[in-house]
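So the structure is just underneath, and the comments pick up after that.
To keep things simple, chains are lettered A, B, C and D as they appear, and every chain counts its residues starting from 1.
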Amino acid sequence: MILIIKSSSEKKQINNLLNWIERQGLKVHMSVGDNSTILGLVGDTSIIDIDLLRSLDIVESVKRIQEPYKKANRKFHPEDTILEINGHKVGGKNFTYIAGPCSVESEKQIISIAKEVKEAGAHFLRGGAYKPRTSPYSFQGLRESGIELLSKAKKETGMAIVTEIMGANDIDIFEDVDIIQVGARNMQNFELLKALGRTSKPILLKRGLANTIEEWLMSAEYIMSEGNEKIILCERGIRTFEMYTRNTLDLSAIPLVKELTHLPVIVDPSHASGLSRLVAPLSLAATGVGADGLIVEVHNDPTNALCDGAQSITPKQFSSLVEKIDIMLPIVNKIRN
Amino acid sequence: MILIIKSSSEKKQINNLLNWIERQGLKVHMSVGDNSTILGLVGDTSIIDIDLLRSLDIVESVKRIQEPYKKANRKFHPEDTILEINGHKVGGKNFTYIAGPCSVESEKQIISIAKEVKEAGAHFLRGGAYKPRTSPYSFQGLRESGIELLSKAKKETGMAIVTEIMGANDIDIFEDVDIIQVGARNMQNFELLKALGRTSKPILLKRGLANTIEEWLMSAEYIMSEGNEKIILCERGIRTFEMYTRNTLDLSAIPLVKELTHLPVIVDPSHASGLSRLVAPLSLAATGVGADGLIVEVHNDPTNALCDGAQSITPKQFSSLVEKIDIMLPIVNKIRN
Amino acid sequence: MILIIKSSSEKKQINNLLNWIERQGLKVHMSVGDNSTILGLVGDTSIIDIDLLRSLDIVESVKRIQEPYKKANRKFHPEDTILEINGHKVGGKNFTYIAGPCSVESEKQIISIAKEVKEAGAHFLRGGAYKPRTSPYSFQGLRESGIELLSKAKKETGMAIVTEIMGANDIDIFEDVDIIQVGARNMQNFELLKALGRTSKPILLKRGLANTIEEWLMSAEYIMSEGNEKIILCERGIRTFEMYTRNTLDLSAIPLVKELTHLPVIVDPSHASGLSRLVAPLSLAATGVGADGLIVEVHNDPTNALCDGAQSITPKQFSSLVEKIDIMLPIVNKIRN
Amino acid sequence: MILIIKSSSEKKQINNLLNWIERQGLKVHMSVGDNSTILGLVGDTSIIDIDLLRSLDIVESVKRIQEPYKKANRKFHPEDTILEINGHKVGGKNFTYIAGPCSVESEKQIISIAKEVKEAGAHFLRGGAYKPRTSPYSFQGLRESGIELLSKAKKETGMAIVTEIMGANDIDIFEDVDIIQVGARNMQNFELLKALGRTSKPILLKRGLANTIEEWLMSAEYIMSEGNEKIILCERGIRTFEMYTRNTLDLSAIPLVKELTHLPVIVDPSHASGLSRLVAPLSLAATGVGADGLIVEVHNDPTNALCDGAQSITPKQFSSLVEKIDIMLPIVNKIRN
């Protein structure tokens, strides 16, 4: 970590800072120039709060050299993490399809979609039971009984299930869930992250709407620091000034995140734009940019069931998408597992 | 709510949509034009998920006419909400000062600051016990024992106390806290909002880093819909492309939010910029723009205690700031209560 | 266009507004409800300044139904525009490669790269002569003599040339240029757009760093409204809070813009991220999402010429990228022309 | 300037870079660590293109220590720049009011407003002649004859006049204009900036919608580097995800910019929000945060002339605003000149 100290700083202030840095167990190299003094901090700087240093009156700016994450950092774990879930591999050269409806509605619905997406090539079944909704007056999901229905679909089809958790209180209810999803709005719900770090379930960690790549990896680090290293990252769009799409899918983030971390990174093309007709082109783009898989909303009867079919594609469209992607996979050096 | 339907839509699709809308208990006025058909939805549209409608293939765009919040809406409650907390009024013509350290560190520290900020004019004492930190390796606050120390300061000085909660599990521990703060990162932690809605404590609801004014009011509505209408909103900066400040304090939001809601709205000048030398100018600006008060970080000995003093001002600086604001209050038609 | 009028508005104010609207040659349908009055404006609303209406005290909000652009609007020109430039087609099913160095440096350099990118499959040669630089102290390009060197490369290889213009004063100097590029920072330099609209050259119009899709199409409309309808749009990244990449490439914009307009849309993968190692993955993504082509920086000797090679790929890497994309083209229903 | 070099870099690559840096006339201090090598560049780094260095494969990140602007930099000119325009001082302790209509419409209109705002306390008269409009179909201003009308108002009232230029071609027409305004969309129209740098007129340089503070100061530097150092900066709102206001007024920028530069900085409260009812609160906020003045849209008859009155306040409201600000000025240590 490098600190640029203002030339106007008093000696006493700089000494206070030097003492404080040393009390944190770090060494300091100091180089005094004409217009500014530069301090180089050596040691484990991950414990240092960079905002705190930035806010000091005598500090002009601060620059990290080492990333603040360790367990998620590819520098210390150069090999790709490959998770083995229900007989399928996630990460490395493997391309993973997660598919299913926006919300779990009924036993018949979820089992029928499960069969269709499995047939089309999906590895895992997704479905919303606890639904994060902006309005308290909107339907909040079937909650506990939604998870029971997912379990039935799992028993019937053998597919592992993925669903979102919204609070640390509910972890026991998620016992039968194979991959627990943390939604974008909870990416920095640190109490939830810590609680999930004490489980042994794979966690699908979505990027927050306004979170940097570094903050995303720090949230993965929260889970990993408690002992659970089974994490799948998921890009789902960030908030920008462009309102024509609900969010702006940040596909450049995929190759960058894969440089920074060894964890698998997948893409959610359904939620980023909120438009079902963009799911196919964004899925091809995500494949081209090097994602390790996709999580796609698929619904069985969009014309009759208005509500859930809206931002979803049909099983037939999903099947045709998988066929196209399968042709692309060799170009990006991936295989369907 | 107004829906613009694409001219290319099939009759059957439009009928499906009309049926669905009517099943939600709404009436529809339809007006067919050359290039588009317009549907006007009449009734309680707050239950409608606007993103769902937007994502339909036949829908070109959707526009709300009625705001989706009711209890927080000034249209239905034209008078300012004035909360009475520990003998002080918040909202209306009253200007409120909340002050105290970033983190609670020790009994001596918190009691001494409490006395100083009270002397300078503060109505309530703030202090962090549970600390939301980007890194799992950073100090997470004194937690439960931090709240005990705040209680001691309360007993000693008679000041009501304000501190942040991070999870629904901790509500019991906050029994002695007078105003419970929800931080920016938890603004859409809906499980927490609902749990707080079932308490009778005043809630200080900070705006999320990437949340619109409407989402902020919807989060207030979450709390209110469960029965607790004692809410103080707090603007603390939004995330933009400008990285010279940590966040961009959105002061235009203050007069706009006060038009939309009857709830009090205060400003946090300390966290927005992360720079103690900006606290005074931003506080004067917040007063000028019509805020109902300020929540300011104040620390007693910045030179010795590097850590907490960084983005805080001293009690002496706080006292001088209060004096300046007191001169300004008549200009904005406010009084110190 | 739909206006929502506040319920608190006075009759006199509404009448003033109605009179003004009719003076603009529009008809008004008025529908009075309990909480708000809705005005529907019928006629050519493209002349109306929507910001002006929004700013009126009695107006709660305004919604356009018709897009404000006409000549660029796919509704009025459903067929794809296909430009024929130097024997190559741009738009429709055709996939176009534009390649060349960041800056033109010397006759030898530009001719040698031109030959190499032509060999690799490029249709057009790009090269910077006038360089927009944030700092007045940075090299501003060879300017007029850079264009002369491009002309020599054109004569030598037969490739049409693409280069950026920075002011209306320079149009005469661009006589020999085949496609004139308008950079992101000049997307709303309206005097330049009008001047280019009076030429007959194809214009490559880059999206501004902070411009919405609608503003981008309005800038195309500026050129078209003066008579020049030969426009190629180019997405090159928008400015967001994420600073790990220089800009965030907005690939979702591609399929959306192609719905809204009949003009061809290409992608610049080099400038968006500013990282040469992201050029290949972002190019594959752009192809997957449906772009009509790519404009790529290619440099012949990155190890010796540090400066220009930095964010560019080598001709060999470009050639290998073209091969991969050629495999992908049938999946997205495109051909190399 | 500090460069962090990746640990994976080859010696040959680092040597190429070292040679290149030295060819730019800079010295390098190199410090080799376990995980990264750090290069410190000493000398005039303002000529270095930081994006170029960032894009190199072997460079992990780059950090400037010296700002890239010199003439605009307070470090080299610690005293406030105070401009003397038409007998009024701008900058330093002086608070300046610029007021007038959105557009110049007629001789009668502009002279009548000029008299009213002068009476209310305005120092300079603003009025739009050349109007930057998103749509080519919107009214583009009276242009040359608008400037003639401003000149008449100047003759009549003795007020210096401020109006916006849109292209370098028009500079001759602006001979009688006292302060030439560069609008937000032209902040990085470098050809225009250079041309204005060769005049001796004071320039009012608005911040671009998506431009950082550093880019803004670099645009000032463009003008100054050509010899014209008479610049007034103007904050007018940046583009963010919040769409309730047209732009987000970045008031924190004011004290920060005043730390970085010696140039005067004023605020435009009219264009930021696009809502006339926000002009007064935002003006008080701008005063509180330390601005050197305001540029405010004022219109004489909002009820009859719908168009121009929309985002403007009346002379009476302006006069009452000036009275309030005059009370505030001593608090922020300013005087009306």
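As a convention for this text, a contact is a pair of C-beta atoms (placed from the backbone, for glycine too) under 8 Å apart; a residue touches a chain by one contact, two chains touch by 3 or more.
This is a predicted model, so every value here is computed, not measured.
Asker: Among the remaining chains, which ones contact both chain A and chain D?
Answerer: B, C
Asker: Weigh A-C against A-B on C-beta contact pairs and write down the one with more.
Answerer: Between the two chain pairs, A-B has more contacting C-beta pairs.
Asker: Can you give the whole-Å distance between the Cα centres of chain A and chain C?
Answerer: 32
Asker: Find the geometric centre of each of chain B and chain C from their Cα atoms only, then give the gap between the two centres in Å, rounded to an integer.
Answerer: Chain centres of chain B and chain C, defined by C-alpha means, are spaced 39 Å apart.
Asker: If you average the CA atoms of chain A and of chain B, how many Å lie between those two points?
Answerer: The answer is 26 Å.
Asker: Among all residues of chain A, which ones touch two or more of the remaining chains?
Answerer: Residue numbers touching two or more other chains: 210, 239-241, 243, 277.
Asker: Could you pull out which chain C residues touch chain D in their complex?
Answerer: By the definition above, chain C touches chain D via 12-13, 16-17, 20, 46-47, 49, 51-57, 68, 132-138, 166-169, 185-186, 188-192, 194, 208-210, 215, 218, 221-222, 225-226, 239, 246, 274-277, 303-304, 306-307, 310-311.
Asker: Quick check: in the complex, which residue numbers of chain D touch chain A?
Answerer: 2, 4, 29, 31, 33, 35-36, 38, 40, 42, 60-61, 63, 65-66, 75, 210, 239-241, 243
Asker: Applying the document's contact rule, which stretches of chain D touch chain B when the two form their complex?
Answerer: 210, 212-214, 238, 240-245, 248-256, 272-273, 277-278, 281-290, 324, 327-328, 331-332
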